[in-house]
Structure formats: C-alpha cells, structure tokens
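First chain A sits with chain B, and in the next complex the same chain sits with chain C.
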Partner chain A sequence: MTDAGLAGGAAGPAPDRPPPTVSVRGLRKRFGTTVALDGVDAAFAPGVNGLLGPNGAGKTTMLRILATVLPADAGRLDVLGVDPTGGDGRLSVRRRLGYLPQEPGFHRRFTAFEFVDYVAILKEWVDRRPRHDEVRRVLGLVGLEAVMHKRIGRLSGGMRRRVGIAQALLGRPELLVLDEPTAGLDPEQRLRFRELLGTEAAGATVLLSTHQTDDVAALCQHVVVLLDGRIRFSGTPSGLAALAADRVWLASERDVRAELAWVTGEGKVRHIGEPPVGAHLVEPTVEDGYLVLAGRDTPTDADAKALAS
Partner chain B sequence: MTSRDWHVPAPLLAQVLDDPWTLDDWTASSLEAHLMSCAACRRRLTAAAPPAAAAAAAASWAAIADRVDQPRSTLVEQLLHRLGVGNGTERLLTATPAVRAAGLLAVGIVALAAIALSHTTQAVGTFLMLSPLVPLAAVAATFAPAADPAGEAGIGTPLHGAGLVLRRAAVVLGASFGVLEAVALALPGMGSMAAAWVLPAIALALGALALGTWLRAEVAVGVLAAGWLLTVWSVSWAIDHRTPIVDSATFSAAGQAIALAVAVAAAAVAAVRRDRYATLEAFR
Partner chain C sequence: MKRIRSWPGERSWSVPLRPGAADGPGTTRVSVVRDGRPPARRIAAALGRIEARKLALSPWFLVGILLCLATLQIFPSIDADIADEATSMAKILQDMPFTAHPFVALMLLAGNRNATRARRDRTEELFHACPATSATRAAGALCSTWLAVVALAAFVLAYLWLTASHSESDLGPLGSAAVPNGLTTLVLGTGGVALGIALGRWVRLPLAAVAAITVIAVVDTWLSAGDPGVIETPMLLSTLGTSGSGHPQPVLTAGQAWFHFAWLAVLTAATAIVAIAPFGRHRDNRVPTTRPRP
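Right, the complex of A and B next:
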C-alpha cells in the first residue's frame, strides 16, 4: 500500500520520509472474546505519528504493545531495531522510551516532583544531582515549576496530565508513546504541547493517539486510522482529508441524502456526500476524511457545536 | 513582587550584582522570594553576572535547589540507606503504598493476635497456623494493582519487572519475619516450635509469586490462604485424628520437608514465568 491511501495491508512511510524505526506485522491481541487488534501491519518513521480511531478501536492496546507494557498474542514487532518481546530487547527499548499511558495511575500523595523523581529512578537515573536537574528540567518544560512541590491530588486534571507528559520526556527518549496526551488540556496548553513536541521530540519517533483531529492536522507527519482493530487508513493528514475531497458541502438547509450532516457554529449545514441543492463545495479537513472513513452516524447538533469549536 | 507577570527590572538586577549590600531588607527579601519562583529572572541574573560569578552562582543555586527538592525520606528508607541500599533503590523498595499498608496491617494483626493468643490454651498451634498468612499477604501486595506509585507509566521503565517485585518481596518478608519471630519468642510455651512456621511461610510467599503469574494478587492470596488453612485443619483433624495443631504432622520434620519442596517448586515456577511481571498483565 502506498503512503496516502486506504489500508488493506502494511503502510510504509512516504519516500521522502526517513526509514521506519517502529514496525509491526500481523499484530494480534485478544481480550477474552473481544478482538482488540486483528492482524495490524504498520510502520512509523521519526517524526510525529498519530493514531486516530473511536473508543475501543484498539489504539491503546497497540500503544501498550509498542511501549512493551503489554505482550501481543501474535505478530512481529521491530521497535528501534530490536524485537521487544524478549527480555533483552524489552530492556533495550525501555531504556530509550518515554511512555504516557491513558491513565497513569498517579499516587496522589506524591508531589509532582516526587512522582517524576520516582519514575526517573525507575529509568535508571542513579545519581541524585543529575536526576534532580532532569526532573526540574522536564517539569519546567511543561510549565509546572511553580507547583512541583504540591501533592498531585491537589493539582487540576490538566496539571496532572502535564506531570504525566513530564515523566515521559525524562532523558529525551528516542521513542515517545503518548496515549491521548492532550486529553484534559485547555486550548493554550494544547498549543504549548505542540510547541514542546516540536522542540523536545525533534529527531525522535513519536506515536500518539488522540481524538482531536486538529491535533493530527497540526502535529502529525503520518496518521493511522484504526477501526475495529484494523488499520483503515495510513498516510499523511492531507491524504486523510483528501478522502473527503469533492464531498464536503456547505448549505443553508439539511439534505436527507447526505451521508453526514451537521449544523456548524455559523448556522450553516455541513454535508458530506452528494451535493444538496444550493450548496457550495468546501475544502475538506482531516476531520471530514476521518468521518467519511469511520462512517459515523450523523452527528447531533451538540456534536456539531463541539466539532465547530 | 512575586507575581508571575512581574520581573526584576534591569537596574535592580545590576544593583544586585554590583552592590547587593545597598539593597534595603524589604527589597532584598522580596527579590529572594521572587528569584526562588522565577526561572526567567534567575537566568537573567546568571547571564548578567561575570562568567566566574555566574558559574559559581549556578553551581550554588543547583546545590540549594537539589537540597530543597530532595524528597523526604521515610524511616524505612533511612534504615535501608544505612544498610547500604542507595542510589534511589531504597525509594523504589519502600515508596509503595500497598506494601506500606500491608506491612502496617500485618504488624497490627500480629500484635493483636499475640495479645489474644497469650491467654488461650491453643496459643502455639493457632500462631503456627495463622502466622504464615502474614508474609503471604505482604508479598502479594508487592504485585497488587496498586503496588507501584508510578502505575502504568512505571511498567514501561527499565527497572520494572520481576527483579523489582523480588526485591520488594525480600523487604516485606524480612520485616514481617522479624516481627513474627519476635512474637513467637514472646509467646509462652513456644519452645522449640518458635521457627516451625518459617518454612510454610516461605512456601506460601513463593507460592504467591508463582501463582501471581496466572492470577490476580488477591485471588492468589485467597487460593493459597484457603489451601493452607484447609491443609492444617485436615491434617490435624482428619489424618492425625484430632491431634492438636502444634503436634500435627504439618509442623513435624516431614511437614517441614514438604514445605521446603513446595517452596523450591514455587521458586522454580516463578523464575520460569518471571516475564509475566515485566508487563501489565501481572498487575491488573
């Protein structure tokens, strides 16, 4: 399969991208009778790679496997040049990994500093002085210098998310696996996070899952869409948007023939599908492409307001 | 003065560097408070200082910050540090809420049991039957879902895995064995049986580590605790014809040999399946 296209098999990066540092082939994972990953083939190069998909699509399972915290049932993995399923390979990957789980499970009686310091010890930062310097550095990167001695239980949800991001950045890892890093962040913090990734993760391979299609458009050089444990798209964000090319229309009224239609913040009706009467064609976004691919039910007006914002 | 929007004006910064003694007390203390919380002004101060002074100031600040930021050590951490466990390992071994809770619970249970048992005729037998359950619960707490304060983020780190679980288990075993043995020696009539609980306790603790590669920690503890109590009861009542627990085959030389064999087998299983402790699956 080429870089920008619907996925039926493995997806390689575009010719102008560096060679992949993370690849999986035939990845499978099952929890009881639920199939979380159903023969996934994917390759990720240095840069920011986004995973899009609805809840339960398999994003978290895939990231956990790539972060070595969950074993796969089947499939071949190559992470930073090693197979992470064995003890030595797993150790090698973990020494070069920064991982932000969806639910980090903070010990709330720890301060932000104590928590990141604890993770730094787990990451083999043995000497206290350089370890503390690094802890202060990463907490400074996420703007938590002033509250680093506050207990995590007293921090807001957004601040706790930033503590999680800080621990993932310890030691400038080669591979950053971030599961919904922008969940709970306000718009300004999300912008700061984008800026942070641009500087702090330069040269690294970043894998992030998100529900925010605008994060994908702004951050990612490569995007993978997972639906029901299978890759449905692998390519560039513009390639994903292009799936909805010539299919997105703005009209003054809802058309029943539309595959998807919702009222925008401006009071217009955005249609995906056949052109309604009196509509005009508009440039598709990553979100449009994703919606075409996911084949969602028509969003409600409440959805539309959220989407418009 | 400490507002996030306010920064030290350049002339004042120059005065700090050139002639700090001319600052009045109020300004000096306000500046100090602001510099403690404002990295931007600290950087400006360092940049404006002569190179030698800047290096000295940076080193001095780093030393102060390091001291200020040093997390408080618990008594157990300090004890481990004195025993030669350092470089942060003492924190890894003790900064575990589930383990601390289990330790406190175990000490509490043992203390209460000792008070209660000292007035009964079955004190020794009851102690021998119940005491192995304390290390069992404590060891299971080392791989319970809440065992690690870093949660899932900690699992993706190099030091996470069977080695860490084993080291934590060694700490809780050492502590619980010490308390239990002190109680055993204090109980009247214990005599030569004071150490008869040790091998069964080790077998159960290692059994928890082995069974924990298949089952959740609390399920493993439940299965082993029920199995142990059933074994003690059935040997004493059914096989030994209602012999008092203390005199039953469970705590005889043969019983100790069986406990040793179970301990060795459990250790072997745990070693073979140690990879399970490297991932999330053993900590669910």
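Right, the complex of A and C next:
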C-alpha cells in the first residue's frame, strides 16, 4: 500500500515523510452490536494528519483510543514509542498529549483562566508561577487574554472552543489529538486556528478530525478517510482530490446521470460523475475526492491502477 | 488584512515568534520539560487551593455561614439566660457538635457538588486524558476541608465568647473534656466534606448526598436516644453526641469525650480513604462505557 492511495490494508508513510510516531494495527472497537472500528491499520508521522469521514464513521472512537481514554477491543497500538494499553505506557502518553474532545465540556462557573489552570495542574504543573505563565501564554495564543477572567458561562461558543484549544496546547505537547477543533469557529477564527497550528504545533504529531475538507486541504500533510469503521483512503490531500480527477464538471444545467450535483455561487451546476452535455472539466478539490470516495462502498481496481500510474 | 473583533475586548488570535517556532515536520519535538515529576500529593495540594476557593464561593457554604451567623445571633444569649447547674461552659462545648450539624450537612452538599462537577459539566473525558488520576482529583477536593475546619473553629470560639459575654453569672470552666469536645466539632466538618466527596465519586445517584443526610439524621436520633441523665455508649457512636436525645444529659467525662472524638475521627478517616481510593474503574482514568454519538 502506498501513501497516496486507496486503503484496504496497512497504510505507511511515503519515503519523504518522517517515520511514524503513532501507528495502529488491526484496531477494533465495538459498542454492543455496533462496530465502530473494524481492523484499522494506520500510521501517522509528525505534521498535521487529518481524519475525514461522515458521522459514525469511527473518527472519534479512534481518537479516543489514541488519547488513552477508551480501551480498544483488539489491535496493536504504538503511540510516541510506547504501548498505551499498559499503565506506564498510558501515563507516558498522557504526559506528552494535548487532547481536545469532540464535546469537551467546561466548568461554567470557572473563568477561562481558572479552567485552563485546573487542567494545567492535572498535567502536573504544580509550581504556580511557571504554570500561570504557561496558562497566560496559551490563552494569549488563542486571543483570549482580554476575557480570561470572565466566567466560561458568559463566553460565546466559539470562545469556549478556543479555551478548549488553549488547554490542549499546554506545555507544547508532542501529540495533539483534536476532535473537530474548528466546529463552532467563524471563518476568521478558523484561519487563525490554521495559522496557530502551523506554528505552535510545528514538529508535533497532530491528529485532527474534521468535517471541513478545506481545513484538510489547507492544513494536513496526510489525510485518512474513515468509512464504516474502515480506512478507505490514506494519503496526501492532493491524492484524495485526485480520486475525482476527470470526474468533476461544470455545466449550465443539472444532468440526471450525475452522481452528485449542486448549484454553485456563480449559478453553474457542479457535477461529479459522467460528463453532462456542454460541460467542461474542472480541477477537483479534496471535497470532490472525498465525495467520490464516500459515494461508493468499495474502491474499484480501476481507481487503484489509475493512482498507481 | 483587517482583523475582525468578534467579542468586546477580545483581540485576534496571535502567534508570537519564539524559539522553536520554525520547527518543521520531522524535527524532534520536546515538550516543555519540568524538573522531575511531582508526587500526587503536590498535585492534590495545588488542586486543593482551587477547590477551596470554589467551596468558599459555593451557595451551600454561604448558606451554612449565614446559618452559623443566625445561630450566633440567637442562641448564645438564650444559653446565657438559662444558665444554671445544667448549663455550663463545659456542657455548651459538649453540645457544639450537635449545634454544628446544619453547617456540616451543608458542607456535605458543597463537597458533593465539587466532587460531581466534572460529571455534571461533562469534563471527565478531558480530565481522563491527563496524567493526574481521578483519585488525585478527589484528594484535591479533600484538601479543601480546611475551610470547613476553620469556619467551625471560628464558630465554636464565637459561640463560647458570646455566651460568656451575655451571661451575668459565672458559667464555669470548659472542663477536662474541652479538647476532645472541640476536636469532635472540627472533625465533623472534615467528615461532612469527605462524605460528600466519597458519595460524589462512587455513587451516581443525583440525590445521594440528600439521602445520606436523611439517613444520618435518622440513625443519629435513634442512637442518641437514652434515659435522661444517663450517658449510654450508643450515644457516643452518634455524630450528635448526647444532645440528640432531647433530654438534659450530664457532662461527658474526658474519657467519654475522647471516645466520641476517636470514633468520629476513625469514621472520617475511613470515609476519606474511600473518597480517594484508586481502585475499580477509577484506577486508570478510562471511560469504557462511553458510546460514540451517531
């Protein structure tokens, strides 16, 4: 299996990427009769790694397992060189981890400063002065200096999200696990988040789950697409976009043969699938590639051959 | 580019330049290293400062303080007025655990609210990904009990001083059982907070603290019932002491007072150990029952 390709088995990084710091083999997780992860193999190197997939695909379950808050049913894990299934390994990972859950929850009666300070103590920062300096630093990074002493209950949803991001950045962790970090952020804040991640998380391994394909295109060096608990793609964002090569068309009218079609802001109809009459081919985006992938159950041999060539 | 301010007083996100900011993928990243790893007790102590602040600001604590102030306003003057052979400073001090019970009950509720905060606010998943365990967090909450002890100590001293200052006659010395009787009141405050934390950590029922207070009230009343003028051993096993029977009782001997204190101290220590016990599902901070949202 190559880095830029459809995945059915192990997904290793390309030769020009650094060696992986996080890898999973045969990862399985079941909740009652629901299979959340079905034998997932993946490897993530330092840099920003995106996880794409529809709701219920298993993204959050995978991130929770890697963040050591949920045990896997089966599979082998290697996180930052240790096995987090053992007590010592788990502690070692937690000491080097920054985690933003999908729904982090906040103590509404705490101020932003108090909350991040509380998390800093849980991350073993016991000396008050350096801890407070670090708390101010991370709150400054997300632009909350002026409101850090306001109660969280009085902050907007986007600002609470930024409090969550700030606590994840405490101590410049080696592994950042961010579950939908840009949910609830306005476009300007999302751009700021990208800027912040590009610098603050440089050198770290970042695992980022998102529904925003433009975030993936802008941020990620590596992207994994999860569908029904299985990895369906592992590669670069451009590789994912390439799945839709020669399949994205712009036409003046909707064509019934299109797999997907929608009206763009310019009044044109963007088609994915067979070319409509009078349409012209356009450059595919990551979103097009994702939609092509999500629109079918299994990748075809033709896809794999096309990518290999 | 124009920076949009989305909230009054808020500045835009910024990324200050600092050493290491230019690190690229592939470089070895090292977390901010702190000398050594702190023992759990230092983490608990640091958490305790925040927990004590939250306890002091909790409505339950404030109601408890108001109740104490109301008690100080009313009862010392009554005690002083009815002073006779049956009411002495020693007897008043002996009755302090009974008088302090409403405050202790409110501290139990406050401790319980602190201990269940993570569950109520759904921050457990985030906290579970941190190196400090839930046992350490509970120990942090337990470190806030000094606040209850200080408040009760101030209450007892104020009560005795006000009674003495209101009384026209000599109420006598505090007696040989003064130390254990005073300590009994203070240990009750610790026990109340500890029980609230233990219940918050191990019992998932929302009204567990209220149920516990009810049970304690019933059991205490039953234990402290006895013949008037006679102190029986079951009375010493009640947190109320000898005043719950509703009948005038003689002053405890030093031995009896020390027995009562020791019993409550053991009970409090056992409750505190349960509150911070690192076993079961709390041992390794995992939430195996969490289900993904569809």
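By definition in this document, the second predicted complex is superposed on the first by the 295 of 309 C-alpha atoms of A that agree within 3 Å, B and C clash if a C-alpha of one lies under 4 Å from a C-alpha of the other, contacts with A are read in each partner's own complex, and residues count from 1 in each chain.
Note that in this section contacts are C-beta pairs under 8 Å (C-beta built on N, C-alpha and C of every residue); 3 or more make two chains touch, one makes a residue touch a chain.
Bear in mind the structure is a predicted one, so any value in this text is a computation, not a measurement.
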Have a look at chain B and chain C on chain A after the superposition and call it: clash or fit. clash
Partner chain in contact with A:Q167 - chain B first, chain C second, else both or neither: both
Per-residue contact with chain A, leading partner among chain C and chain B: C
First (chain B), second (chain C), both or neither: which does A:W249 touch? neither
Looking at the overlay, what does A:F44 touch: chain B (first), chain C (second), both, or neither? neither
Could you say whether A:W262 touches chain B, chain C, both of them, or neither, answering first, second, both or neither? neither
Identify the partner contact of A:L144: answer first if only chain B is touched, second if only chain C is, both if each is, neither if none is. second
Going by the contact rule set out at the top, does A:V135 touch chain B (first), chain C (second), both, or neither? first
For A:L97, using the defined touch cut-off, is the partner it touches chain B, chain C, both, or neither? Pick first, second, both or neither. both
Is A:V126 touching the first partner chain B, the second partner chain C, both, or neither of them? both
Using the touch definition from the top, say if A:A67 reaches chain B (first), chain C (second), both or neither. both
Once both complexes are aligned on A, which of 6-14, 78-86, 132-140 or 168-176 in chain C overlaps with chain B? 132-140
Under the contact rule defined above, give the chain A residues that sit at the interface with chain B and also at the interface with chain C. 64, 67-71, 87, 90-91, 94-95, 97, 99-101, 103-107, 109-110, 114, 117-119, 121-128, 131, 140, 145-146, 164, 167, 177
Using the touch definition from the top, list the residues of chain A that touch chain C in their complex. 17-18, 31, 36, 45-47, 55-56, 58, 60-61, 64, 67-71, 87, 90-91, 94-97, 99-110, 114, 117-119, 121-128, 130-131, 134, 140-147, 155-156, 158-159, 162, 164, 167, 171-174, 177, 186, 188-189, 192-193, 195-196, 199-200, 202-204, 221
Contact set on chain B toward chain A in their complex: 4, 37, 39, 62, 65-66, 69-71, 87-89, 91-92, 95, 97, 149-160, 275, 278-281
Where on chain A is chain B touching in the complex? 64, 67-71, 87, 90-91, 94-95, 97, 99-101, 103-107, 109-111, 113-115, 117-119, 121-129, 131-133, 135-136, 140, 145-146, 148-149, 164, 167-168, 177
For the complex, give me every residue of chain C touching chain A. 3-4, 6-7, 9-16, 20-32, 34, 37-38, 42-43, 45-47, 50, 54, 57, 117, 121-132, 136-137, 140, 284-288, 290-294
